[in-house]
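Structure below; questions to follow.
Note that the chains take the letters A, B, C and D in the order they are written out, and that residue 1 is the start of every chain.
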Amino acid sequence: MLKNAGGDPAISVADAVRNCDWVLSMLQNGQQVLELYGGANGVLECSPEHILCIDCSTIAPSEARAAHELAQQSGRKFIDAPVSGGTSGAELGTLSFLAGGDKALVELARPIFAAMGKKTLYAGPAGAGQSAKVCNNMLLAITMIGTSEAMALGEKLGLDSKTLTEIISSSSGRNWSLDTYNPVPGIMENVPSSKGYCGGFPTELMIKDLGLAIEASNECGANIPLGALATSLYRLWQNTGGAHLDFSSIFRLVSGVCEEQ
Amino acid sequence: MLKNAGGDPAISVADAVRNCDWVLSMLQNGQQVLELYGGANGVLECSPEHILCIDCSTIAPSEARAAHELAQQSGRKFIDAPVSGGTSGAELGTLSFLAGGDKALVELARPIFAAMGKKTLYAGPAGAGQSAKVCNNMLLAITMIGTSEAMALGEKLGLDSKTLTEIISSSSGRNWSLDTYNPVPGIMENVPSSKGYCGGFPTELMIKDLGLAIEASNECGANIPLGALATSLYRLWQNTGGAHLDFSSIFRLVSGVCEEQ
Amino acid sequence: MLKNAGGDPAISVADAVRNCDWVLSMLQNGQQVLELYGGANGVLECSPEHILCIDCSTIAPSEARAAHELAQQSGRKFIDAPVSGGTSGAELGTLSFLAGGDKALVELARPIFAAMGKKTLYAGPAGAGQSAKVCNNMLLAITMIGTSEAMALGEKLGLDSKTLTEIISSSSGRNWSLDTYNPVPGIMENVPSSKGYCGGFPTELMIKDLGLAIEASNECGANIPLGALATSLYRLWQNTGGAHLDFSSIFRLVSGVCEEQ
Amino acid sequence: MLKNAGGDPAISVADAVRNCDWVLSMLQNGQQVLELYGGANGVLECSPEHILCIDCSTIAPSEARAAHELAQQSGRKFIDAPVSGGTSGAELGTLSFLAGGDKALVELARPIFAAMGKKTLYAGPAGAGQSAKVCNNMLLAITMIGTSEAMALGEKLGLDSKTLTEIISSSSGRNWSLDTYNPVPGIMENVPSSKGYCGGFPTELMIKDLGLAIEASNECGANIPLGALATSLYRLWQNTGGAHLDFSSIFRLVSGVCEEQ
């Protein structure tokens, strides 16, 4: 597949990075990232010293900081740059990169990010990209459920959902989950809720990100009452039918229509 | 005071409405509204039959519907039109009216609303104005706490609050509480958080509105897990120092800085 | 059915109470109770003045107080005495009565309660029986979910459920939902969890009682964070398959086994 | 101090364990435990091969399993045995030990536990003692808040707190926090609530244990909605004055009396 797209697949990591100026990785968890870079025959060991390492995986801020440290110890440059924007963003080239690390390095990497996405946002020093993503996604998880509650309450009180969406969109309850990614089927075109909650960002991936938020807040002693409850609710939804649907399908759990589907 | 402003104070309700084409009321609770209109010597009894009654109080949707019914029985026209926009909105003339009742009547009343505020949003039939307000304010209560959690978590993870605000403002966690009314002191000018949480919309009024949301959801069987938890948190904050501060001061409770203040 | 059991069915309320020394009622909601007693041709109007009215319905404390007042105005004696103990308690004669009203009256009624149940607990003045029931059942709702969380967590951590039950039963987490009505199938005999969650106290009745707790706390300004969340969780479970099962089946929702059933 | 009590203080770990048949440790966190046993000049390196290691610290189940593994690799015997019962239990000799590891070993160690506490409960294989403690304490944290909510609601509804305690103690809401460690001042003698919430088990230690529950549930994918909310509430209370008070002082936060104190 990579070949068809013009890529040049490598047999081993060592092989792949030997003559590279930069490398970009995107893996499923922090352990994989730490092994890819720090492991035997890994990127740090086998790459030229001037290489720029860019990790776009979504992992814990503490794991990203550990990767930065490994890179620094071996004299390599490292950026953590998780993406925001979902599957559709990847296909449409509208991804955002939330970058953490040395600011000059991020400037250096801007053209690389620009080739793949729409925006590069500098979040701060080592791990800050991951920290910013964890904060954004926790808030997204909360506003999506909050929006679902407001819309379901409005419906039960007899309000028209389109009208309610318009009203709140121009009032203080306004948020992205309401005005751009509405969870109620039929309000907006081209969002998952109007396509049976297919595509988009699956509930189980949202749960992965919320797991990182729980872990991070537990480590640093931050208090996240709504974030923790949101996590519980997505987990309940994961176990009652929503695991593979877009996370906005939490509207079904909240509104109580899940059994009829 | 009313006289100084050019008004014409009346001795009794009966006196006040006897020759009016329309009347506008703004009271503290539903019982007061029902008494003002339906009580002995009240508006409905003493006003000319063509009068248009506009109630701008924030009361329960069910109470607003009861007021509509009383008006209908006496052959009078009624609109429920709670305002959105807080004290500053009232002073600056930027209030929004969320209007419920007969659509033609709301059109008729538009000039009256226009004289006092910026926008009139038609929400639907009798009580819909109140229902829309209850939904918006519950969502606002949630997004404010969610935003506070995300900002406090970011701070503890070492992020700069201004940078985090900018990043989330252009990402999927975007919402009014973050990009227009940021709860973290020093991020924005002219919002309560930068003025010691003075002015604005006090926590205890938010609790009043959330009480209406709890009541409405309990009556219609809607499920509001985050809304209910938000209510609990504002009540805890009310009892630990936040009653009279702007509701965005919930950031203090969430971030744990309340004891130091 | 009543006839078969030796009862004497009446054609109307008036008929039924005309020559009674006491009357006992058990209805579904407060409106029905207020109508039965205070309505036209109701108990208060048609009964002899010395009648003792005992209402065993589960209704709001405020509604019970309203019924007491109606009775007092008509010179009749009234006791609110909701029952605790579920369907099985009714069949086995092990019900408890939580009685509110004049203490001397409750003493007078003791033999009546004794004929039907095991215990009569005096809770306090008018409405106190309902208040005590609302407090007990809210706490029960919470401890049942808490117990389910602890048991499910233990299971996932590899603990044997019977062993964990024994350990907590002799430790500080001990509670009735754990040591007498365990929600995990197979731990105890003769409890709903070991009979497919059939019989017992259905989730939807627990939700009715929690609705009364929400209403009461909203009226008196009490803060019930866990009580409110428990209500949300039972409502989610009602909508995902648990409405008619015993309320201890919330263990299925919490442990995530609901989809496999 | 140890000398005065007849103990024999050692200069180093190596020194202390060189000729021991068993060693018992009680430290503050898992890292310390892993270092004590597995570190250079640690217990495993310096002790005779037949030594029995008993760790009574409260640490994460996964950390306890890691310690077991280290011991096994070095051919030493290990038991995890956190205690339950608080400071007063330690003084009065009424502690319980929740033991995990090889069953025969735990039997072997029974006399050692018996010399210090009242009960030894076998929880299961390696780490099970920690797992059982985490489950019990999370449930305790929940029932304490639930009990506080029920008692505070009852008070606001006009019930006498002693009467309500008696009623629920003989009903289905019954639990240890209510009938043995009541959080309302003046209900019971010799419990922290009647001594200004001094002594007992401080809020900040409960928060430590809840952090372990959050961590464990996050790792194994268990859903703990009430456990997570309870954690948030104790953290709020920690920041508003309750850090060093017994955890039953959460009653102050819930009932809203905290500001008056």
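The definition used in the following text is that a residue touches a chain if its C-beta (ideal position, glycine included) is under 8 Å from a C-beta of that chain, and two chains touch if they have at least 3 such contacts.
All values derive from a computational prediction rather than experimental measurement.
S.K.: Going by the stated contact rule, which chains contact subunit B and subunit C alike?
M.R.: A, D
S.K.: Same or different for subunit C and subunit D, where same means more than half of the interface numbers show up on both copies?
M.R.: Subunit C and subunit D contact each other through largely matching residue numbers.
S.K.: Among the chains here, which has the CA centroid at the largest distance from subunit B's centroid?
M.R.: Looking at centroid distances, D is the chain farthest away.
S.K.: What is the distance, in whole Å, between the centres of subunit C and subunit D, each centre taken as the mean of its C-alpha atoms?
M.R.: 34
S.K.: What's the distance between the Cα centroids of subunit B and subunit D, rounded to whole Å?
M.R.: Inter-chain centre distance comes to 46 Å.
S.K.: In subunit C, what residues contact two or more other chains?
M.R.: 221, 223-225, 229, 233, 235-236, 239, 256
S.K.: Which residues of subunit A touch subunit D in their complex?
M.R.: For subunit A paired with subunit D, touching residues are 211, 214-215, 218, 221, 223-225, 228-229, 231-233, 235-236, 239.
S.K.: With touch defined as at the start, can you tell me which subunit D residues reach subunit C in the complex?
M.R.: Touching subunit C from subunit D are residues 61, 84, 96, 98, 119, 121-125, 127-128, 131-132, 134-140, 142-143, 145-147, 149-154, 156-160, 163-164, 166-168, 170-178, 180-181, 213, 216-217, 220-227, 229-230, 233, 254-256.
S.K.: Which residues, counting only subunit D, touch subunit B once they are in their complex?
M.R.: For subunit D paired with subunit B, touching residues are 229, 233, 235-236, 238-241, 253, 256-259.
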